Amino acid sequence: MGPNLLVNYGEAVAAILFCIGFTNLLLQTNLIKKIIGLNIMDSAIYLFLAEKGYIAGRAAPIVTNGVTSVEAYINPIPSGLVLTGIVVSVSVSALMLSLTIRLYLRYHTLNLDEIAAQLKKEGR
Amino acid sequence: MSKKKSAEEYHKTFAFHFFRWLSGGKDPYLGNVEMRPQKEYEADPEMLLRQEKEHDAILDKVYDTKHNALLKLFHSLYEITSILFCLFLMALLLVTISYLPATGAADKPVNNEVAGRYIEKGLEETGAVNIVAGMILDYRAFDTLGESHVLFVATITVLILLRLDKNKKGEVNPLTKEMNPNDRIYEPKNDAILQLVATFLVPIIIIFGIYIILNGHLGPGGGFSGGAVIGAGLILYLNAFGFQKTERFFTEKTYKWICFFSLSFYCLAKSYSFYTGANHLHSIIPNGTPGAILSGGLILPLNIAVGLVVACTMYAFYAMFRKGGF
Amino acid sequence: MDFVCNFPFFSILLSLFSGTICSILPGRAAKVVNRIVIAAVGVMSGILLVYLLGTGESFVYWMGHFPAPWGNEIRAGVLEAGMALFFCIIMYLSMAGGAHKLFDEVEESKHNLYYILINLLLSSLLALVYTNDMFTAYVFVEINTISACGLIMIRQVGRTIEAAVRYMIMSLLGSGLLLFGLCIMYDLTGHLLMSNIKESVSVLIQTGEYQIPLIVSVALMCVGLCIKSALFPFHAWLPDAYGYSTVSSAAILSSLVSKGYIFLLIKIIYRVIGFDIFNNTRIIDVLFVFGLMGMIFGSLSAIKENDIRRMIAFSSVAQIGYIYMGFGMGTQAGMVASIFHILSHAATKSLLFIAAIGLTEVSGGSRKFIDLTGAGYRNKWAGVAFTAGSLSMVGVPLFSGFISKLLFAQAAVQVEGKMLAALIVLGISTVLNAIYFMKTVIRIYAVTGDTSYPCITFKDMKVHAVVLVLFVIVNILLGVSSQPVVNMIEQGLAMFA
Amino acid sequence: MYLILLPILFPILAGVCLLVCRKDLSRKLLTVTTGTCLVITGALAITALTRVKQDFTLFYLTRTLPVYFHIDQISILFSLLTVIVFLCAGFFSFAYMKHEQKEKRYYGYYLMAFGVLNGLCFAGNLITFYLFFELLTLSSFPLVLHTGSKEAIMAGLKYLFYSLCGAYASLFGIYFLCQNCDTLTFTAGGVLQVSAASKDGSFFLFLAFMMILGFGVKAGMFPMHAWLPTAHPAAPAPASATLSAVIVKAGVLALIRVIYYIFGADFIRGTWVQTTWLALALVTVFMGSMLAYREPVLKKRLAYSTVSQLSYILFGLAVMNEEAFTGSLLHVLAHGFIKGTLFLTAGAIIYTTGKTKVDELRGIGKEMPLTMWCYTIVSLGLIGIPPTGGFVSKWYLAIGGLAGDIGIFRYLGPAILLVSALLTAGYLLPLTIRGFFPGTDYDYQTLQKREPCPLMTIPILFMTILSVLIGLFPTVIVDTLTDFVSTLI
Amino acid sequence: MIICIILIPLLAGILVPVLPFRKRSHKEIFLEGAVILNSILVWYLLLHHSESTFLLAHFTGDLNISFRVDGMSMVFAGLVSGLWPFATLYAFEYMTKEEHENTFFLFYTMTYGITLGIALAANLLTMYFFYELLTLVTVPLVMHTLTREAILASRKYLYYSLGGAAFAFIGLIMVIVYGTTTDFILGGVLDPGKIGDKNNILLLIYVMAFMGFGVKAAVCPFNSWLPQAGVAPTPVTALLHAVAVVKSGAFAIIRLTYYSFGTEFLYGTWAQTTVIIVVMFTIVYGCSRALKETHIKRRLAYSTISNLSYILFGAVIMTPLGLTGALTHLVFHAVMKISSFFCAGAIMHQTDKRYVHELNGLGYKMPCVFGIFTVSSLALMGVPGLAGFISKWNLAGAAVNSRNSLAYAGIACLLLSALLTAIYMLSIVVRAFFPGKDFDDGPIQNVHDPNWKMLLPLFVFTVFIIIFGLHSQPIVDFFYDVATGVY
């Protein structure tokens, strides 16, 4: 175990959240819960990235008063990445939700296992 | 003399066989030369069919989640392994994190010359006060271009899934059958409170969104967030007044063309910028005065384009989910 | 800088932009645009390939006004150009071969959406191929995923939608891991550009700092991409997705989409981590083992399958196992074999899918083997093409599959500890391949008493037949004159380093 | 030179012609043709025999495998026996075969077997010998299954497969001998290379044992004797006669050739091979007699007797001294004539009465006195009562056995021979006794003379006389034999 | 020239369905002409061969498709080209009763070219290439009748062959990687410097490759395809499954053993022991299965299995003498077995009888066929004076000479198998000629010998069986020269 676990508590939380989301995505049979898991996972990564960009005592990377010194602002890159990530997450959520709607309309259940079982019967 | 065995019994004894061989009687293996034909293998088609049916029946049984103990066991095993895997992953990540550079420190590898240049030269090179906006729309514009297309392709998939189309021949779309036909009866909801609040709020929301978009390069915000706000406003409007009202100014066509023009503009503008950049040509787009509203080169127009797309997309998502059309 | 150097950029942007354009066009026009774009990109890639073979050096291309660590970049070498060219060829043929089926399976009003997806998929593949930036790669991976999902579920029956959901879930897990790995990597190195990361990584390795996070990050990225490319234990989504989507989709998905991810993995191995560093980790052993398992289990599942399309889909699992086995060997030769197999499998698998559709069409639309009896006589072209594809899969000389098998085996021999395992599994897997493919081939040439199904002649399926013939030609070309291709791959890998 | 070939090729070709000829010949023509062929062959053989010590290589199968003919005393002995028995049995069959079908086929194979046997006798090296040994099996098995009944076919196949089994077992040895001998030409005293014999001695002993077992099949030696009692009763009587009198002797000839001319008696003497061989031979002697004693069917009884008697010969060979060897050779002749006669008489009885079992043949001596007298005389010979041939040969065998350096068998051997002789009396004489003394309740009223035709009786008579002659003037033969026997031992 | 003789049959085959023949006889003349022309060319080439290698195409790296005539090629190519015209002639007559004649002749003639390709291949890769092609062109022949049985058989054939090739392929790789070249050089091409301490792995791979090629040569336990493939029309069973296909398996093994891995490397190792044991087992197994089989062609097929292992037995003794024996049996067995198969085919053609127990009494109705069958049976048994004896003699001689105790046991197997051969072959002969006392020949009253197209090949083969049996020295000398690398 490395030295920085407690210092990196933000990342640690992100990791835990990521795993929670991951587990949800993997194990939940309910599609909506799966999607929630997905969003948790994504959020965890944003948290992680935000923690990465943070430098103690510095301001958000918007030039104020014309100061363009490195020491003044936090790292802007992770913020940019998070922005992109959010868009991706939104898109994916939308897609997943619409898939869920279709499946629900067709099979009247959100349980993926049941859908699979119905499909097996339908297939023949 | 021991007890005499009966003939049958005797015929089974080893002594009998031995003596038979010894005296040149029957040879044990010679009889094999005289043979009957073997049976030809022939599969009965009916049997094959029956086998197939049985196979299906077995499958049925196997996939009968409620009664198949083995399947249940498998499921629980699967769950346990998954949980173990996730725990393992968590532990792994935590260990990893414990080795990562400390949060908040200024001397992390992350804070290198890349970030440095963005901060120091960003204003000068991109003309954007908001360094993040400058970064994503100029330094790393290709990512952002991709990102907007992620949104675009997601809308396309949602359209594929949920849009109700009328066939040329007028056949009923299979999706229509599935959709609950009653959903649209309740349009509009005619909720007086909602309508009243919406009358007040929607313009404010939309104006706020426009503000965010226009100030994307100057302060926090940008095309995406602004677009989302506008989209939210539109959705509120829709909820308050129903589809009939919105259809007056926002149809699929509107959506299509707005998206098309915005994205085309985005693509072309960035292509120009990439092309000039890569070929070391001078870009004709001025950066303007930092801090002014008309500054930051392409950032403002791009923000507007993105904002339009996002707003429309958000609304489109909602409309699709709601009734499969605009 | 020569004008040719703009071609990678042009091809990505062209296909992206054509996606946008298609959104306002009716289906038929979108189809034309789509074809033109694929052809144009193919031509450009071809020219670029020739150019690069001439210069013998790769180049980077700024995406914007800023140089390496600050702006985005794309990079083109022989391998990238060749891959792009090949992807275009396969995609064009797959589209042409499956076009007639599209009308049956997709609502007409949504045809243009289909072409949008194809265009965006192409652009994302090109971006994955050309990119020199990890985050760009991530973004385009997402485009790729979503459009692939769209391709699966555009034929809107229950199974495809369910398959799409499964596909999305697995893919999202994969992307999540990929992104997380990426973030850790970024944290360690402070860069997102591949070449810069590589420099930092080699420094880190030398100083011995951050070893564990580095390995974990690499592992996460690998696992993420493995999941996305349906390596053996993560293949559950694959058979339904490939088996029930419309045929062009299936062909493209199996031959290109997963290959895009694999190619990205190759890039990560070579350009981000460094080949030698990667080989010193235990990750390659894991890849090797899963590759072998995939080869066996994929084939076993395929043998059990009763449905021709699903069988071909399961065969993909096995073939992807081959590719990862090549990675797992941890040698240059193994890598070359894997890359060659990417090409050969792409050419063969799409051929099989397209041919299979020709066979099912003359069997009353059923894809059950029992109905396919004698289909080879009813649709001669598809029958012959399917046979050719099967033979290639089994690894009969003259076809591309043989060369990749040859390369794999040659590579395996050079790896001390993995030689026997690889060779034996290669042998067994060939036997298994032979079993299920030859079973099918014989089935389609068996005679049937039932002649109620119509026969199809060349007149009824001109495009389809031509496509099939072209596919076979591509296959045989790869099989007969493989040396230039192998040279190209080696040259390309050399440029990577 | 080519004279040697004639008695071999002429009957074979004649036989093939008969077989191939599609036209149905009349019975008379067939008889005449066959008879002529037989006589000519006999004449040719005798002519060839006068050219002793002429050797002749026909051609080379491969560079090391010549087809080579050579005539020595052993050849003469066996060849004479062959000629006489074949002629007698041949003439007998002209009468006997009337009640069988497909005579043409029978005569065809008969002639072929004759030729092949001549070849076997004249063969000068192991390969040539093996060639004719195989051909002998192939040309004689159709004789066995001639009657075409299910049992006959089965018996024919059994004979065929047993013989081939034996042939292949010995071929195993030949393969090795070929590589370890300078030549495979029969040379008195053996041709085995000294180096090979000393280096791989035990292996070559094993090979010798294999070959003894293999060729022993043909000679009806114990573990593989079972074909004999099956084949003899199934075959037509003249065929049984040749089979028992001559063809099984081919096995004896083979053993003589292999042991005395290839391995050399010195190599075998005193080893476990000799002991085992002796034991097997004695077991066979005793077993054959016992089985014959309890067998009701006449021909089968005679077949068991053959099993037993052949092993007398083998015993003599296995003892490996001059007396025993001479005794063996004498017994070859004596048994050949005696057993030929016995089978022919049995054939005559079956032909006339149709009865096969000994019990049914009461009073047969009254019906067919000439035949039964011959039967009685040769029976006495087989038992070993002087002055018949059997006595002389058994005398020499017993003397040899007692003189041999063979441990316990020195006494056991002669004892068993004696016991077996008693048993022989026990199984042969009842027919005589019943035949001539049918008892008081025999119905003399229905008795009628049923002596068979001269074509049958003359061969029987001729052979009976010969068997007696051997006993009366054994010295003629013994003297000629002694000389060269000493070269072998 | 070399490529010519491979292409002529391929082209002729392809032309069969394309050309519009007005009469069947025209087609016959065309095919027979092409085949004879090709055979003449082959013989011309063999007799006037040069040492040079003909390079057709580069594959990858230094792998190429090239052809060369050396001793082994002469043996195999000579054999195949000698048999093919006769077999074609026979096929014309036989196929009058079967359907889809054009397809049949298409593939049948193409097989000729492919087989010659195997024979003339100059390196392992070329041979492998043609080996796989051989599988593919012969599958339609097995499938020909399209009955369920045929389909199952061809499926099995494909699985086995392709699977076997997969393992043979591994051997090929080994030779590529550890050898100096893939060309066939008597004595092997392995480079000791490259091998280092990997001896055992290489031996293991050799065994695998042996079994791989052995699938075609029907080595136990991969033999069950061969009897099943007997559903094919008889010309196919006779020529392909007794000669061309299975012999190419044996041929490939000989190439692999003597020309690629090299006997020096293999001699006396556990690999040799293993393969000898396998081969010995197959010899006995094949025979004993043949004994139990009542279908004539399947019985002959099992016999083939056993006899192929004779060849392999000679080959795995790994001495020049052994190879001589193997080659002798390769050629002689071809003649004997094709002759007996053609007889079986003639019987089936004339009477539609295909089981041993149905053959009672046919010997007198079809004397020529059964006479020839008898001769070939005797030859197969190894009766002196016929071809089989010589080849067995050579094999056994080689085994004795090798001073290998396993080889001694092999001789025993050989003889045991000879005995079993006698039993299963002669029981047919006996039935045919000695039908038994109460046999009624009414039902087969109208059966007669087939016409000259069938009989001519049979007679020619019989003559060869006898000639080989009586005067084999020149040809055996030639084989010995081949085995010692004179050619």
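Every chain is named by a letter (A, B, C, D and E) in the order it is written, and numbering of its residues begins at 1.
Criterion: contacts are C-beta pairs under 8 Å (C-beta built on N, C-alpha and C of every residue); 3 or more make two chains touch, one makes a residue touch a chain.
These numbers come from a predicted model, not from an experiment.
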| item | value |
| --- | --- |
| Apart from subunit C, which chains still form joined groups through touching | one piece |
| Selected interface, C-E versus A-B, where C-beta contact pairs are more numerous | A-B |
| Chain whose averaged C-alpha position falls nearest the assembly-wide average | E |
| Distance from the mean Cα position of subunit D to that of subunit A, given in whole angstrom | 102 |
| Interchain centroid distance [CA atoms averaged], subunit B/subunit D, Å | 96 |
| Distance between the centres, which are taken as Cα means, of subunit E and subunit A, whole angstrom | 67 |
| Euclidean distance of C-alpha centroids - subunit D vs subunit E, Å | 43 |
| Contacts with two or more other chains, residues of subunit C listed in rising order | 135, 139, 142, 146, 149, 153, 156, 161, 180, 186-187, 212 |
| In subunit B, residues with contacts to at least two other chains | 33, 93, 95-97, 99-101, 108, 110-111, 114-115, 118, 140, 143, 147, 150, 153-154, 157, 161, 175 |
| Set of subunit D residues in contact with two or more other chains | 157, 161 |
| Interfacial residue positions of subunit B with respect to subunit D in the complex | 21-25, 27, 30, 33-34 |
| Complex contacts: residues of subunit D adjacent to subunit E | 20, 22, 59-63, 65, 101, 127, 130-131, 134-135, 138, 142, 145, 147-150, 153, 156-157, 160-161, 164-165, 168-169, 171-172, 175-176, 178-179 |
| Subunit B contact footprint on subunit D (complex, rising order) | 154, 157-158, 161, 225-230, 287, 291, 303-304 |
| Touch list for subunit C against partner subunit E, complex | 391, 394-398, 403, 405-407, 409-410, 412-414, 419-420, 423-424, 426-428, 430-431, 434-435, 438-439, 441-443, 445-447, 480-483, 486 |
| Partner subunit A, residues of subunit B touching it in the complex | 56, 59-60, 63-65, 79, 82-83, 86-87, 89-90, 93-106, 108, 110-111, 114-116, 118-124, 129-132, 135-136, 140, 143-144, 147-148, 150-151, 153-155, 157-158, 161-162, 175, 178-180, 219-220, 222, 224, 290, 317, 320-321 |
